[in-house]
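Got a structure for you, written out below as structure tokens; questions coming shortly.
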Amino acid sequence: MGLYDNSRVITETVKKLSEKNSYQGLCHQHRDGAPLPSGEVLSEIISIARAILFPGFFGKSIINTGTISYHLGVNTERLYELLYEQILAGLCFVCDCEESNVRSVEEMRREAMEKAIDFIEYLPELRSVLSTDVAAAFYNDPAAHSQAEIIFCYPGLRAICNYRIAHKLLELDVPFIPRIISEMAHSETGIDIHPAAKIGLSFTIDHGTGVVIGATSIIGNNVTIYQGVTLGAKNFPLDDDGNPIKGIPRHPIIGDNVIIYSNATILGRITIGDNAVIGGNLWVTQDVAPGSRVQQPRPQK
Amino acid sequence: MGLYDNSRVITETVKKLSEKNSYQGLCHQHRDGAPLPSGEVLSEIISIARAILFPGFFGKSIINTGTISYHLGVNTERLYELLYEQILAGLCFVCDCEESNVRSVEEMRREAMEKAIDFIEYLPELRSVLSTDVAAAFYNDPAAHSQAEIIFCYPGLRAICNYRIAHKLLELDVPFIPRIISEMAHSETGIDIHPAAKIGLSFTIDHGTGVVIGATSIIGNNVTIYQGVTLGAKNFPLDDDGNPIKGIPRHPIIGDNVIIYSNATILGRITIGDNAVIGGNLWVTQDVAPGSRVQQPRPQK
Amino acid sequence: MGLYDNSRVITETVKKLSEKNSYQGLCHQHRDGAPLPSGEVLSEIISIARAILFPGFFGKSIINTGTISYHLGVNTERLYELLYEQILAGLCFVCDCEESNVRSVEEMRREAMEKAIDFIEYLPELRSVLSTDVAAAFYNDPAAHSQAEIIFCYPGLRAICNYRIAHKLLELDVPFIPRIISEMAHSETGIDIHPAAKIGLSFTIDHGTGVVIGATSIIGNNVTIYQGVTLGAKNFPLDDDGNPIKGIPRHPIIGDNVIIYSNATILGRITIGDNAVIGGNLWVTQDVAPGSRVQQPRPQK
Amino acid sequence: MGLYDNSRVITETVKKLSEKNSYQGLCHQHRDGAPLPSGEVLSEIISIARAILFPGFFGKSIINTGTISYHLGVNTERLYELLYEQILAGLCFVCDCEESNVRSVEEMRREAMEKAIDFIEYLPELRSVLSTDVAAAFYNDPAAHSQAEIIFCYPGLRAICNYRIAHKLLELDVPFIPRIISEMAHSETGIDIHPAAKIGLSFTIDHGTGVVIGATSIIGNNVTIYQGVTLGAKNFPLDDDGNPIKGIPRHPIIGDNVIIYSNATILGRITIGDNAVIGGNLWVTQDVAPGSRVQQPRPQK
Amino acid sequence: MGLYDNSRVITETVKKLSEKNSYQGLCHQHRDGAPLPSGEVLSEIISIARAILFPGFFGKSIINTGTISYHLGVNTERLYELLYEQILAGLCFVCDCEESNVRSVEEMRREAMEKAIDFIEYLPELRSVLSTDVAAAFYNDPAAHSQAEIIFCYPGLRAICNYRIAHKLLELDVPFIPRIISEMAHSETGIDIHPAAKIGLSFTIDHGTGVVIGATSIIGNNVTIYQGVTLGAKNFPLDDDGNPIKGIPRHPIIGDNVIIYSNATILGRITIGDNAVIGGNLWVTQDVAPGSRVQQPRPQK
Amino acid sequence: MGLYDNSRVITETVKKLSEKNSYQGLCHQHRDGAPLPSGEVLSEIISIARAILFPGFFGKSIINTGTISYHLGVNTERLYELLYEQILAGLCFVCDCEESNVRSVEEMRREAMEKAIDFIEYLPELRSVLSTDVAAAFYNDPAAHSQAEIIFCYPGLRAICNYRIAHKLLELDVPFIPRIISEMAHSETGIDIHPAAKIGLSFTIDHGTGVVIGATSIIGNNVTIYQGVTLGAKNFPLDDDGNPIKGIPRHPIIGDNVIIYSNATILGRITIGDNAVIGGNLWVTQDVAPGSRVQQPRPQK
């Protein structure tokens, strides 16, 4: 088959791909003048947020107490600018995809600015919350030499940091963007925390690959979770038409000081009581009393 | 130890590393004029394919119905050019590594062009198949707000998309390249689908980290799989010399409408019947009857 | 809220974030003139090391026997330069974070050069060790077509390669950097091998997502491990103050020729005897005799 | 002087540099939400324009008649988007710097879109005009082998192309941007053509370094100019306050078919008649009759 | 005018631009599989050539006598690969544009490889020739502190270096590429030396902006030229049809040890005798005797 | 000639190029641990300096009075870090090339830090000096619409800005680096100002291509120079051995308020008196009285 034929195949394929019914429901026609949600920009947003929250660990600058405010200032202003644009992107995206009443870009722009500035105001509190996570991870891992190692290297902390950012944005009713931020941590660390989950202070995830924390999960303070743990839904109530009902609480409630070992699966809106310990590789679908220890049966030999 | 000694250590180490028997079997001497398989180029290929299949979601362009064919045209032509080169790279790579009869680059070039144009022709059908996966993922996840969210954020769909591309290339007898495309999705999502597996329509993988689907697996329509599920081989028949025999069916057959919950392990050439439900954290090595539900024993307390 | 107010919120937030007690323990003030540990540079270090160890597979050069020494020479010299700088970065980082006696940058620079040149000298042996891993992976996977495919595509080999590099650096008393190299492989492959673990020749990890190998693990020769396997600690002895004691052997010892199937969890300083086979999804906390096979109980129906 | 002192010098210098009267008249406070004029984006605009005007010479695509419209389509749409944004940037920039009545960004955005689409409509005519310049350069230079060489290599054509783009934008009352486009060609080629100059068809500049063509110059058809030629102003009439009056015609009028050799300087609102030839290194401040030849006096020996 | 109209204008403009007679003579339809001449690649070629010719001045490597051959080896091999491809690009480009008999890409590929390897063989001689230029520039400029400053900073040497590379390629009958290399130096330095000019040893250009050296110029040894000097053609003999005859000697012959001061213009196939000195700003169109000094008349006051 | 032969030619050529006497005087062996002078880094230094001196014109940040000090702070600190490294590079470079007594890197590092901090302290004064140049350019050019246009677009100001930076570094006895900074402006604008020249306030260069200002030139306040003007040396006094004596005053002194029109050449240590006007294309080698006007003779017709 010669070059000419290839050209013909290409033009005919393009024609098919350009037919409206071919891309129905799979195409996104964006509003003129509205920014697109961008993985690249959101990645920069996370990098800048880390540089603000943990000064001197990320970015290329030498930080000292005399000049730290310059760096925090530039980073905070830049974070505001990028975040406001991505929030706007999220609002437009959802408006185009999901909503019936079309709002003007200008109206959404004002809303995006307000949400972004609210997030900026939250940064000092966010740093304070994350400091409890860093301290907990250091306390829980005998292999850790310093808090610096936790901050710089530990995937668990990175996933928790993304989650806390995404969760705050969700609380501010920012659509779409929180989910992308969660998935970025998921891809980087193998830890999948839904931004809608509620998680207390001093939260530790060790190793973490394969961890899944569902949207309606509630986790207390000082909880430790190991790799492969699932906090999932058992089944989905259906509506009269047989479709899954969205938004019903369907994931576990985990009390304070709970430890869940690797690859355990906790399913349904059950409660794991305070101070309970769940052994590895378990399948738990019923409440666990406070302080109890649950383990796998011995293997057959 | 001074700078001079360092220089000496370096030159002596280089001498050792350059000895033929040191790199025997670990070195690849490529054909002059033949392209190298390139992770970077394959990554661009996947990006362009996504931009063609889901117009307006990826890339930086605003798509509208008046100009959509320009973008699809440029992307399709570019996809052809890059893909043909990588197929050629795969053919040369395997020819050098694995085959006894050496073929000319020109002969392989013609073959690569044919295979690439065959893939291009498949694009409209590929889009149509993927539309069933998008719809299934939206139906199965109560946390999803729209198809757009599935397309833009869900790692399961990304892994399935890479798989369907890699599988088609494998059907076209393209060597080496399909495996790299699978591993790219594996690294990005933690989902490891062998390109030789056969998978029906409306396939959903939720969360997905740790999923493994082996080379001879066969999966029906409308199947849902959760994180950590393995469709693996139980053991490998050995030939008379005690070496594993390659190419024998050794992975499960999964029927239509089957659901497999997180961290379940299904091993060997067994059959999971239509409409069966497999509970989480299970180890399944025998056939499961259609419509049955299999669960883990209760944990000891 | 107008632009003016946003500016005010930003400046006030920056003021709060710049207060010393806000970033206490979360900030890293680096030594002037000392390099920072850099994920980007370490990523380049790994790429160059791969290009040296497996010539012709990575990098863009066509390798032939006449000119191979040029490429190995330039890469080895570059590896030395980058590695020495990152070792220095690690020494400074730890010196600042964890140590009481402050050493001069010049003193640490000399130490870093020595450690880097020691690593360079190790390269031929490293290549020889890795050749046993490549051969084992090829032997163990019926789906593999050639050693080339293992080298180019297999995440297991990538993780093992990073581990062997990180382990050598740890043996040379390089702080901090080995951990980052491990986490890079963890993020890329989902395989988390602590650099302090001791692992024999001919080691295979197949698929690999979710594998965790703890810091005091000891693994014999010719061991094969599948996805989701954990070699972990059961519990942490506490000191008189109730803090976990660091540095105690707490992970398993795995004998020669052992196979551990997917998602098995082996916990504590137990011994899995030579030639044992551990079934998938198991929770093993006691010694396993040499040559024995351990399996999961049958599921309830 | 120690590190501490350096830090002090830096903070004190920053304080001085941040004082309002220090940056009075040297600082540009941009409108929130308005884009900045960007050399980088304008550079991309010129590249895309060249790719549209001379298909197949610039950009990386193989052009053929079957697919040329895809490439022209994507490039034209992209040119519109980038150009509209830069026109808006120019409008905002000037509005902030030079104008008393402040206009809304939205109003300027609409204006920018109109101007950009007017420019797009002009592209076919622009290509037609440039084709006369290409043909003239080929005819005039005995060293040229083909029109392709002119298009691909000749700095004269690049400068003329930038000029014709900038001139059209100026006719559309786009502020600021045309000047930047001129200066880009100036920096690349050493040829400085003011965008306000009026230049006929079939214009050739050979070699070109040092050519200056002033803002009120008028140049006929089929004119050839060599390196170092200045079409400049002799003096600037002053107003009653002794300031130069802006906007008065002060540069030469050059007739059809004129040739001006290297380093000649033509000053003031004089007329060089049709078919005249001006010798090199001359200083001309008075009218030159049609068809005449002007030369330098013989050197003294 | 709304968004819809803009879309319409774009599609209509694209239609006009895609009409064949619109781009007649301005479009380049490239051969499938043939590389395109690339300014970017040629720029890399020049950088590598400089790194080979002047080791340690360019590139990021620390050079020492122990490892210099690694760097020269890698650079030389890379130079060969890139150069052969660009020579092929040049051959294809000209074949498509200018020649009637169409040659196969394979045939041209072999020719390109031969020419590239011939150039590689010339490198030691090229370095030796350039060493005379470096020495001359150092001798002639009282402001130069060292040869290193000449090599690293002087635009004159950069232009001469590009010229000597381009000239050798022209001698090897490489089409098109030499001209682009010349224009790259022209853009970088403002010095425009036609690659066909013949230039002796120990050539110095000081400052250099505006220098033009025509295609048939012949320059002896030890010549010094200042900024703005033109060695040009006086007029172009016409053939019977009134078209300029290409390829006739029309530029000056400059003897040994000649100095030409700034902005002098030497026109036509005249001879400037050995040891002559030409003053600045002169217009010279007749032979100058050996050893004579020519100057401008005194200015009128 | 086959591939094998090419390989042989390459290895033989590399052997020749690696012979010591081949690269004698053309090779730079750098000190281990010392940075290399880098065009790329110096280019970033100039960009940052411009962003500090003219806030809001360069860089991507929106500047407002509330946050301007953050940006100035980060930029000033970054400028210090980059500049100190490049000053050190310059000191090492010259030490290796030109000096007999070898100094330690540490000693030079301290010196580099002092010089860099001295430059930082000079920034407010530098801004103040440049503000006179901006005002003068605006006053002198009837085509300029605003100071903003001068700052953003005018090559003359860019060259002057680079000169004033380079000149200050030269006053601080920084070797090598000032010359590179000058050549960067030379390449960008065609204006070649030696960093050792002394230039007063309110200096204007219009168009500028081809301007050369020699090392010992002295220029008063409020001087205007047009394109192609040379302030050069007439001849170079030789020492007893016939070598040019370096460091003797050999370029012109230009008084206050002088105007020099395009392509004029002023040679030797002569004085152009205050308020003089020099016509274009002139060759001036003798003093010009204050207030006088010098012009070219009329052309012959």
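A few remarks follow.
Letters A, B, C, D, E and F mark the chains as written, and numbering starts fresh at 1 in each.
As a convention for this text, contacts are C-beta pairs under 8 Å (C-beta built on N, C-alpha and C of every residue); 3 or more make two chains touch, one makes a residue touch a chain.
These numbers were taken from a predicted model, which means no experiment stands behind them.
The chains touching subunit B as well as subunit C are A, E. Distance from subunit C peaks, on a Cα-centroid basis, for D. Where the sister copies subunit D and subunit E meet, the same residue numbers recur on both sides for under half of the interface positions.
Taking the mean of the C-alpha atoms as each chain's centre, subunit B and subunit F sit 56 Å apart. Averaged C-alpha coordinates put the centre of subunit A at 25 Å from the centre of subunit C. Centroids of subunit B and subunit E (each the mean of its C-alpha atoms) stand 50 Å apart.
Rounded to whole angstrom units, the spacing between the C-alpha centres of subunit A and subunit F is 52.
The residues of subunit D that reach two or more other chains are 10-11, 14, 32, 62, 64, 67, 69-70, 72-73, 77, 190, 209-210, 228, 263, 279, 281, 295-297, listed in rising order. Each chain pair that touches appears in this list: A-B, A-C, A-D, A-F, B-C, B-D, B-E, C-E, C-F, D-E, D-F, E-F.
Contact residues on subunit A toward subunit F in their complex (touch as defined above): 61-62, 67, 69-74, 77-78, 81.
Contact residues on subunit D toward subunit E in their complex (touch as defined above): 52-57, 60, 62-65, 68-69, 72-73, 76-77, 80, 113-114, 117, 120-121, 123-124, 127-128, 130-131, 134-135, 139-140, 142-143, 145-149, 151-155, 188-190, 207, 209-210, 226-228, 261-263, 279-281, 295-297, 299-301. The touching residues of subunit A, when paired with subunit B in their complex, are 1, 5-6, 9-11, 13-18, 20, 22-23, 25-30, 32, 36-37, 93-94, 97-98, 175-176, 179-180, 183, 186-187, 190, 192, 194, 196, 209-210, 212, 214-215, 228, 230, 232-233, 236, 243-248, 250, 263, 265, 267, 279, 281-284, 292, 294-297. Of all residues in subunit C, those touching subunit F in their complex are 7-8, 10-11, 14, 33, 64, 66-67, 70, 106, 109.
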